[in-house]
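Worksheet: one structure, shown below.
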Amino acid sequence: MNHAILLISCPDSKGITAAVTGFIATNSGNIIHADQHIDEQSNTFFMRIEWSLKGFHIKRENIVEVFGPIAQKFHMIWQLHFTDQKMRTAIFVSKHLHCLYDLLYRYRAGQLACEMVVIISNHPDAQNLAKDFKIKFHEFAVLKENKSEQEKKQMEILKQENIDVVVLARYHQILTPAFVNAYKNRIINIHHSFLPAFAGQNPYLQAYQRGVKLIGATSHYVTQALDEGPIIEQDTVRISHRDALEDLVRKGEDLEKVVLSRAVRWHLEKKILCYANKTVVFD
Amino acid sequence: MNHAILLISCPDSKGITAAVTGFIATNSGNIIHADQHIDEQSNTFFMRIEWSLKGFHIKRENIVEVFGPIAQKFHMIWQLHFTDQKMRTAIFVSKHLHCLYDLLYRYRAGQLACEMVVIISNHPDAQNLAKDFKIKFHEFAVLKENKSEQEKKQMEILKQENIDVVVLARYHQILTPAFVNAYKNRIINIHHSFLPAFAGQNPYLQAYQRGVKLIGATSHYVTQALDEGPIIEQDTVRISHRDALEDLVRKGEDLEKVVLSRAVRWHLEKKILCYANKTVVFD
Amino acid sequence: MNHAILLISCPDSKGITAAVTGFIATNSGNIIHADQHIDEQSNTFFMRIEWSLKGFHIKRENIVEVFGPIAQKFHMIWQLHFTDQKMRTAIFVSKHLHCLYDLLYRYRAGQLACEMVVIISNHPDAQNLAKDFKIKFHEFAVLKENKSEQEKKQMEILKQENIDVVVLARYHQILTPAFVNAYKNRIINIHHSFLPAFAGQNPYLQAYQRGVKLIGATSHYVTQALDEGPIIEQDTVRISHRDALEDLVRKGEDLEKVVLSRAVRWHLEKKILCYANKTVVFD
Amino acid sequence: MNHAILLISCPDSKGITAAVTGFIATNSGNIIHADQHIDEQSNTFFMRIEWSLKGFHIKRENIVEVFGPIAQKFHMIWQLHFTDQKMRTAIFVSKHLHCLYDLLYRYRAGQLACEMVVIISNHPDAQNLAKDFKIKFHEFAVLKENKSEQEKKQMEILKQENIDVVVLARYHQILTPAFVNAYKNRIINIHHSFLPAFAGQNPYLQAYQRGVKLIGATSHYVTQALDEGPIIEQDTVRISHRDALEDLVRKGEDLEKVVLSRAVRWHLEKKILCYANKTVVFD
């Protein structure tokens, strides 16, 4: 049941879809999912196409070579994935463990198509949970003076473990540009507000003080500009004057779990394309 | 800015998308939107493809002929539409005018790509509104003994006016099988509950008595089985013990307007395919 | 069926509810609704209590006198209303008429307990709608150089007509402090974003460019700080990459109508208390 | 920080609130929360009032005696609770463990004010989870022929453990009337549909086949009539034709967790009153 997935973006022009689907049909591939989108403002074409390798005439190791000229003709930026290559995943977390707990449950329930390889934290709190789920755990206490040093050690682990994607499941440290650049569009964060409202510190307190009637959560790719990366998913829930700050936190945590897990799942299933600091999500 | 739209369903097999998009590309058409879906249970392929006729090598009156062999090869059920052919629309209504009022406003605001031709009612209440919007109005008081007679007159009007789609915007009469069959998948109803809950009479009262915590609205195509046709759109809103029956009605009416207008808009933009008493909505 | 309504806020202390409900019970009043809330942060007590005047031993014109000492004892800020005194309402609007249209329909349907007295605009577009609904209409073209002058004329009309509440139903002029101060907590605005995100100009464009996955609408009381007054109601709706800017506008308008009409209805039914730039809404 | 809570329902008449709040004020109690509701259809008065015992003149063991005459005068059905008396809770579960997992996490996070005493299952799957959380676990395989026998053993455990509330966290056995009657309004179930739609077996399959556009979850008290007890909480989430049956299950499980945990929390905090097969939830 192994599938190939092409993620494509390029300037829109006539014949792109015909060329891609013709390539698959000619080689006897069976399309499982196909989605495309044209952004009219920038005249950009986006496509995600998934087809079965069963009976496909081209060997998987040769697809890049055969498809290359088509990609070149249309000036495509493209990625080729296979569903049997599960992304190797690292989770970073601090002291709030609800998102970690939720991701681990979903992983065990088979909802996340990845290898959970390692949990990294600046605190010891997640250690037992990691043990319960038999996942490696590393603690790196982060202080102002050792930050870049500790980050280097973290990145070494990511390298050694061949990590494909980093999930910040309420990791309360700002990553350095070096880290962010090394994993462009591969670090997924959850921010506990409806961005761009209440960016930065203490978003629930900010929301409480402003007197909003809904609170939100936002999952986004991390960029150098704090809380300003491409948004993958958001959701909101109703609150009222009866809700104290701790009710906002409790209601918000339910949102965070759902929003982050959706974003991670879409990323793992290669359903997200980035452009112009936005995302196209082919869910 | 005239576009052609193909709506296709057929047994899934290799090469369908390549054939359809190849047909468009070969003839120098520019795809504006393309959506497809495979229902794995029934192995059915669905497609909606919209392309610009500007520069397309085949004249619009010849498309059917040229595309015919492709359709035949894949055993397609298919429809060809053009965006400059606006559907001629009739609205049926009884005494609750909120949906009618809402549809007329959206029509005037340019949100509904149709010709609003006629309003038909079993009561006189909508007459003034029809006059304000300069739309023909016919009243047919319906009693048990004259129902089929009155319906025949209604259907004559629909024929004379070349009506493509009938919207039941809270029309409280059950249509006869003859009427329903004459407009299969072309009669859109709004039911004021989250179907299949509370089908039939007085859904708000039923909901109130059952003590549900959300109420809903459902827009669906009309079939002979009451409230059991293919569902196009649904939505819900929260209620509480504080809401009296009249609050349910008020909150529900807001839902009805939004749900019905979405369904009508999707139908007018040819975004809906029916199968197995369900809908595929390419929104 | 005339009711009295007390809106109370004061420092929390023992015995307030007993004193207020005792006052009503002693004088043979029948409580219809009672709601209270204690803000623990500021130790403030809020109450809304509504009781039937049928059989109440104190004449309505004497209630203020008799209740006065109780209010004084607890240092209450309080308002007394009667449900047969409908608020006299003015609507300000510019060129987007969807909210106006919606409010007028609800008014005619009996959902808004007010007198719709006058519509004021800086454009002529709403004139016909006002005529259809038989409501006075005044146009005041506003330019930089005549702004304060035109506002004075508007305020004269409001005075002459004894206006209690001003609804800005997409009125695209910033009111001067003089105007705002004259109608403190009595000017209700609809902003077409989920505040505090996308305050100011062109919120839909801002939302589109940021790539958010939900858009919102916010109804709030107008203060001197633009888009920063106490929030009365908010709601959000899902969008995706498939939605162009005009889809955001269309979906957003449906939100604006619902959000503004809720806020206006609560205000007219005296269900809102303001404090600390927030609202308590006893819905 | 110990509080007393009174839950009251009685025929509505003048002076109830004054009598109850007067009782508290006279004895120097400080009200923390007060909520009341009048059901106009049945003329029934409902109240939840919570006050601090700090400085209250009546000893907790004497409150029943002193309040008794007031209750009698107004023909009240009433309960008295204290926040330091945590409900002893049993969870029943079968093979789907997501709700159990979620409840245990919330319990550990301090969100559920109860003693989690025992987990009972007709399968062994939850045993390890129970061990991780150090909660007693009993397995009772249930077959047609031993059902009433096994239920008796379960009820003996509930008795021995002084269980106050039973949570059916996806327990796929229908309880006998004897069991249900012994725990009237104290057994909370989660049904994986928006009741009354799709009662009974396989609600996700039913929803999939009907082609609904939203799925739901419902938490309710268990009565003898299957899936027809008083509804405590419901919620819905959007699905589309793109969602296969397993997507419905996945999305639905997220709903189930949130809906069940809200219902359980409200019950544990004594925020629910039942009447006429409905609930009043003072959240």
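Note that the chains take the letters A, B, C and D in the order they are written out, and that residue 1 is the start of every chain.
To be clear about the criterion, a residue touches a chain if its C-beta (ideal position, glycine included) is under 8 Å from a C-beta of that chain, and two chains touch if they have at least 3 such contacts.
The structure presented is a predicted model; accordingly, all values stated were derived computationally and were not measured.
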Which of B-D and C-D has more C-beta pairs touching across its chains: B-D
Recurring contact interface, reference A-B, options C-D, A-D or A-C [over half identical by residue number]: C-D
Geometric centre distance via CA averages, subunit D-subunit C, whole Å: 37
Euclidean distance of C-alpha centroids - subunit B vs subunit D, Å: 42
Residues of subunit C touching at least two other chains: 242
Subunit B to subunit D touching residues, read off their complex: 37, 39-40, 194-198, 210-214, 216, 230-236, 240-242, 244, 276-281
Complex contact set, residues of subunit D against subunit C: 14-15, 17-19, 21-22, 24-26, 28-36, 38, 238
Residue numbers on subunit C that touch subunit B, as the complex places them: 98, 101, 105, 109, 111, 132, 242, 250, 254, 258, 283
